[in-house]
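Sharing a structure here in structure tokens format.
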Amino acid sequence: MSEKVWSVYLAGEIHSDWRERIEAGAREAGLPVAFTAPVTDHPASDDAGTGTLGPEPVKFWADQMGAGVNAIRTQTMIRDADLLVVRFGDKYRQWNAAFDAGFAAALGTPYVTLHDGELDHALKEVDRAAQATARTPEQVVAVLRYAIRGELPR
Amino acid sequence: MSEKVWSVYLAGEIHSDWRERIEAGAREAGLPVAFTAPVTDHPASDDAGTGTLGPEPVKFWADQMGAGVNAIRTQTMIRDADLLVVRFGDKYRQWNAAFDAGFAAALGTPYVTLHDGELDHALKEVDRAAQATARTPEQVVAVLRYAIRGELPR
Amino acid sequence: MSEKVWSVYLAGEIHSDWRERIEAGAREAGLPVAFTAPVTDHPASDDAGTGTLGPEPVKFWADQMGAGVNAIRTQTMIRDADLLVVRFGDKYRQWNAAFDAGFAAALGTPYVTLHDGELDHALKEVDRAAQATARTPEQVVAVLRYAIRGELPR
Amino acid sequence: MSEKVWSVYLAGEIHSDWRERIEAGAREAGLPVAFTAPVTDHPASDDAGTGTLGPEPVKFWADQMGAGVNAIRTQTMIRDADLLVVRFGDKYRQWNAAFDAGFAAALGTPYVTLHDGELDHALKEVDRAAQATARTPEQVVAVLRYAIRGELPR
Amino acid sequence: MSEKVWSVYLAGEIHSDWRERIEAGAREAGLPVAFTAPVTDHPASDDAGTGTLGPEPVKFWADQMGAGVNAIRTQTMIRDADLLVVRFGDKYRQWNAAFDAGFAAALGTPYVTLHDGELDHALKEVDRAAQATARTPEQVVAVLRYAIRGELPR
Amino acid sequence: MSEKVWSVYLAGEIHSDWRERIEAGAREAGLPVAFTAPVTDHPASDDAGTGTLGPEPVKFWADQMGAGVNAIRTQTMIRDADLLVVRFGDKYRQWNAAFDAGFAAALGTPYVTLHDGELDHALKEVDRAAQATARTPEQVVAVLRYAIRGELPR
Amino acid sequence: MSEKVWSVYLAGEIHSDWRERIEAGAREAGLPVAFTAPVTDHPASDDAGTGTLGPEPVKFWADQMGAGVNAIRTQTMIRDADLLVVRFGDKYRQWNAAFDAGFAAALGTPYVTLHDGELDHALKEVDRAAQATARTPEQVVAVLRYAIRGELPR
Amino acid sequence: MSEKVWSVYLAGEIHSDWRERIEAGAREAGLPVAFTAPVTDHPASDDAGTGTLGPEPVKFWADQMGAGVNAIRTQTMIRDADLLVVRFGDKYRQWNAAFDAGFAAALGTPYVTLHDGELDHALKEVDRAAQATARTPEQVVAVLRYAIRGELPR
């Protein structure tokens, strides 16, 4: 009988290497996880609408077209996910990360937040609805390993 | 670990080759998509009830029998779908396409509409609940490719 | 103890007096029904977006803005409804009526269609998912009276 | 038969008078709306946990206690709401506003965003899942009036 | 503050006075219950379709029309109900009573069955999914009184 | 990409060979269907509780134990099913078949009924909520073939 | 427009006066709360089955009958509740309190636990899924007052 | 066509070998079951939070961190399960087992309880919502074998 492959969606900040560190850590630990994520190539993400459906001169509508096309990807992946990791960086506002967390909370899908302590107060509602708040990608890997294998770091 | 195969239901117009063009485009792009569709052989679809359950002389009831048998196929496929493409042509009324769009909207399943600009006003409610409105099958393929692979056409 | 007031949403065609006839019939029969409906003033409905949120020169986007504002009304009313009556006239395409029917079907909310026999074949899927197909507003009133009071016309 | 009272939850920014302006506008227009909102007294909101359940010296946990108590209020009100208005101001990060929007989106509850154009790009995902994006409280009142009464401003 | 009025749907057999006995017992006990039921006038129920929508010569389709119209009433009432009482008599097959029980079970709505011991074996699946099996209408009243008031018969 | 295997639950009568005929027909037609069913060995089914959990002298409770154990099987299979076939024979009351139909209807899972014309009137509610009413197992196979392959019998 | 009356279900321990203290505190604070609870008369609760449905000599089955009748009350009240308070005392095992908490958690209904610190470790899972853990009935009243009125104790 | 693998979650007591006995019995019987369970290494389970996310000196919060991390595992497994077995031992309070049972009940997922007769009265509500109450792991295996294969022990 084959082992369950956990589906983990990595939401939020796209300007640091946190996804790579989590994926590398999970690979090293041999965890059966299929990671998914929004498109993290920022220019491609911004052009998701006009690049697929054709030009739109007004920025607001171009953004709306892009957000719709991105949502096909992200909402499908979020609905498929067993768990989300939601990352907030110290730059940018990342409202879509908080949106994804709220979406997951209403679906009853568990999520882990990943951010520095200085954001704690601003993120208290988002953290409260999470199952865990991590400070480092390595802690997220430890949570995944425990959740899937029941093993703690030595 | 195997890649997710996206399930995409192609709803609506059955008198042009739009389904073939989307399927061919997805194949060329190597996208992992399993397409489903209503029965597109028009006479077979019209005989779905009487051809399986026996003759019914009154047209209204024969149609109702057929619609029930077709619904076994279509509602199962729509419930299984990650995404719908809903096509409106310039002939016929295609109320079942709009019905499928409403059904998907209530389920929270994303869909893309595909139609010419002259239908925009009449379809504004159906388009508004969609994640994207495309004009050509090739644009739909571009949306699928972006949603699945995160790649834009060059 | 007060009687339940049934909430009935009247979807579809806005160019004939079918809503008034149903409402008058229900009033005469003393039925406890609260009717709701989309905005049936066609110009107002078309301006729902630009009239509330400000001008938008491009027709497609103006329509999209309007459809969003209309959806606040219609989806709230449909979610509140015990029953929908979905009317298809012989002019226009009324895709939004079919969309509403599909939406109701997915929610498990019963609906009655109201249209002439010449539309039967085109509407067979929409009729099949309905609980009844009526030809006249008076038949709809009879259905309401039976459903609520258990009385048939003499 | 009494008119439906719409339940509208006013989420987000607590440092300007936008709620008062919407409530005043709705009152003037005679709209049947019951507004709800998170606790907008900032110090009270911050003390929601320790002020009810007792002292907690560590800020992170005090915040978590407070977020839990606030969630009793906010999630109950959001689940009861027919519509949300989600306001983003130009200061602070207001991640809880985006969280509420995502929560509403997953429930299928419509919402309207309210923010300046300079936030459009950062809020594109949140706006895309909304039924409307308004710039002023008065526009929100116009949307409410249209949705409830079907009337546009003259 | 006003007391909750329990909504109790009385499903099943229409050839004995069990509904009247339950209603009388609840009235005597002063219980705040609003009872609902299918149309219990057998000929009216059989004519529900043709009496409202017009003649249909083929019995099968006339029955289907009637069942649709009856379902508008019964499914609305069942969805509104806090509790069902499902009565099986010793004559007739009453498959609709069992259908209603299955419908309630899937919705998570509790129900009580009411039938003689000789039907126990045939009804074991239906009884198992019930919260109680009663032999007399008076026992049903006792269950209602306990559930609502917490009082047992002396 | 592998073809979808349809999951079809065969509910109801256990005293004739209708299941075997449907399974044989589907096999001959090469249809990708995984059939499931309640335990059709009548004595085993009656002993499901006492045979697994130990003796119970009182028939009512022994039946209740058995119905619970059977429900683990049947409700799991029904929740997994894409489609149900619900068979009513001319003997016995088969209330559990009608219960299963109601359960499926509330879940939104389509089903086909299979019975002789003489049961039409008694089964009108159960048939009305079905997508089709068949008279023979061969008709059910034709429906399956059409729903899955889009092919009609020649 | 009338104020929302919050529905609060008081689950768990029935051997101390905690319910009375919460109800008195809410009354003093003038909070619009309708409290509901299981039957707290222990002998009546134990006789809920046999007292309504007739004698059953075997204790296990008498208990099962009683638990079914009690569930009609408790599950209806829990489904109606905006909030649960779940009390664990230091005697008895109160597994039904933990069951109710799990039931509420799966429904997405918020709850507050009420227990002494010595039970913290044993109740950690139940507390984690709660929105707050209180030590005294007065703290629960403070939480209710804050959630409903936004006021903190001075 | 491959056989369905049943997913069975083994909830509750972690101090005896009941899980091993059920797994061994299922293996011997050749049943297609994938068993899941909470982490049963008690010290690891207690350190689930601090061992993955870092030290927390206050026991209450360390427990809350641990319960969150454990919930990622358990709620995912419970949502995936076809069936739960919920074991109550004679020591400890095992409130989380009762919590899991309530969670499953609200989801509509069937479960079997496993405990000695002396706990019957205290567990009557939990047993009533179960599909079966077993006394030994071997009885649970018999139930699984019947549910999956339709076979009774000889």
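Per-chain residue numbering starts at 1, and chain names A, B, C, D, E, F, G and H are given in the order in which the chains are listed.
By definition in this document, a residue touches a chain if its C-beta (ideal position, glycine included) is under 8 Å from a C-beta of that chain, and two chains touch if they have at least 3 such contacts.
The structure displayed is predicted, hence computed values, not measured ones.
Undergrad: Looking at E-G and B-C, which pair shares more C-beta contacts?
TA: B-C
Undergrad: Among the listed pairs E-F, A-B or B-C, choose the one whose interface is a repeat of A-H, with over half of the contact pairs the same by residue number.
TA: When the residue numbers line up for over half the pairs, the pair is A-B.
Undergrad: Mind checking the centre-to-centre distance between chain C and chain G? Centres are C-alpha means, answer in whole Å.
TA: Chain C and chain G have C-alpha centres separated by 42 Å.
Undergrad: Would you kindly tell me how far, in whole Å, the mean C-alpha position of chain F lies from that of chain D?
TA: 49
Undergrad: What are the residue numbers in chain B that touch two or more other chains?
TA: Counting only residues that touch two or more other chains, chain B contributes 68, 71, 106, 108.
Undergrad: Touching chain B in the complex: which residues of chain F?
TA: These residues of chain F touch chain B: 1, 4, 6, 82-83, 108, 110, 112, 130-135, 139, 142-143, 145-148, 150-153.
Undergrad: Contact residues on chain C for chain D in the complex?
TA: Listed in rising order, the residues are 5, 32, 34, 39-41, 44, 47-49, 51-54, 65, 68-69, 71-73, 75-76, 79-80.
Undergrad: So in the complex, which bits of chain H are touching chain G?
TA: 59-60, 63-64, 66-68, 70-71, 88, 92-107, 117, 120-129
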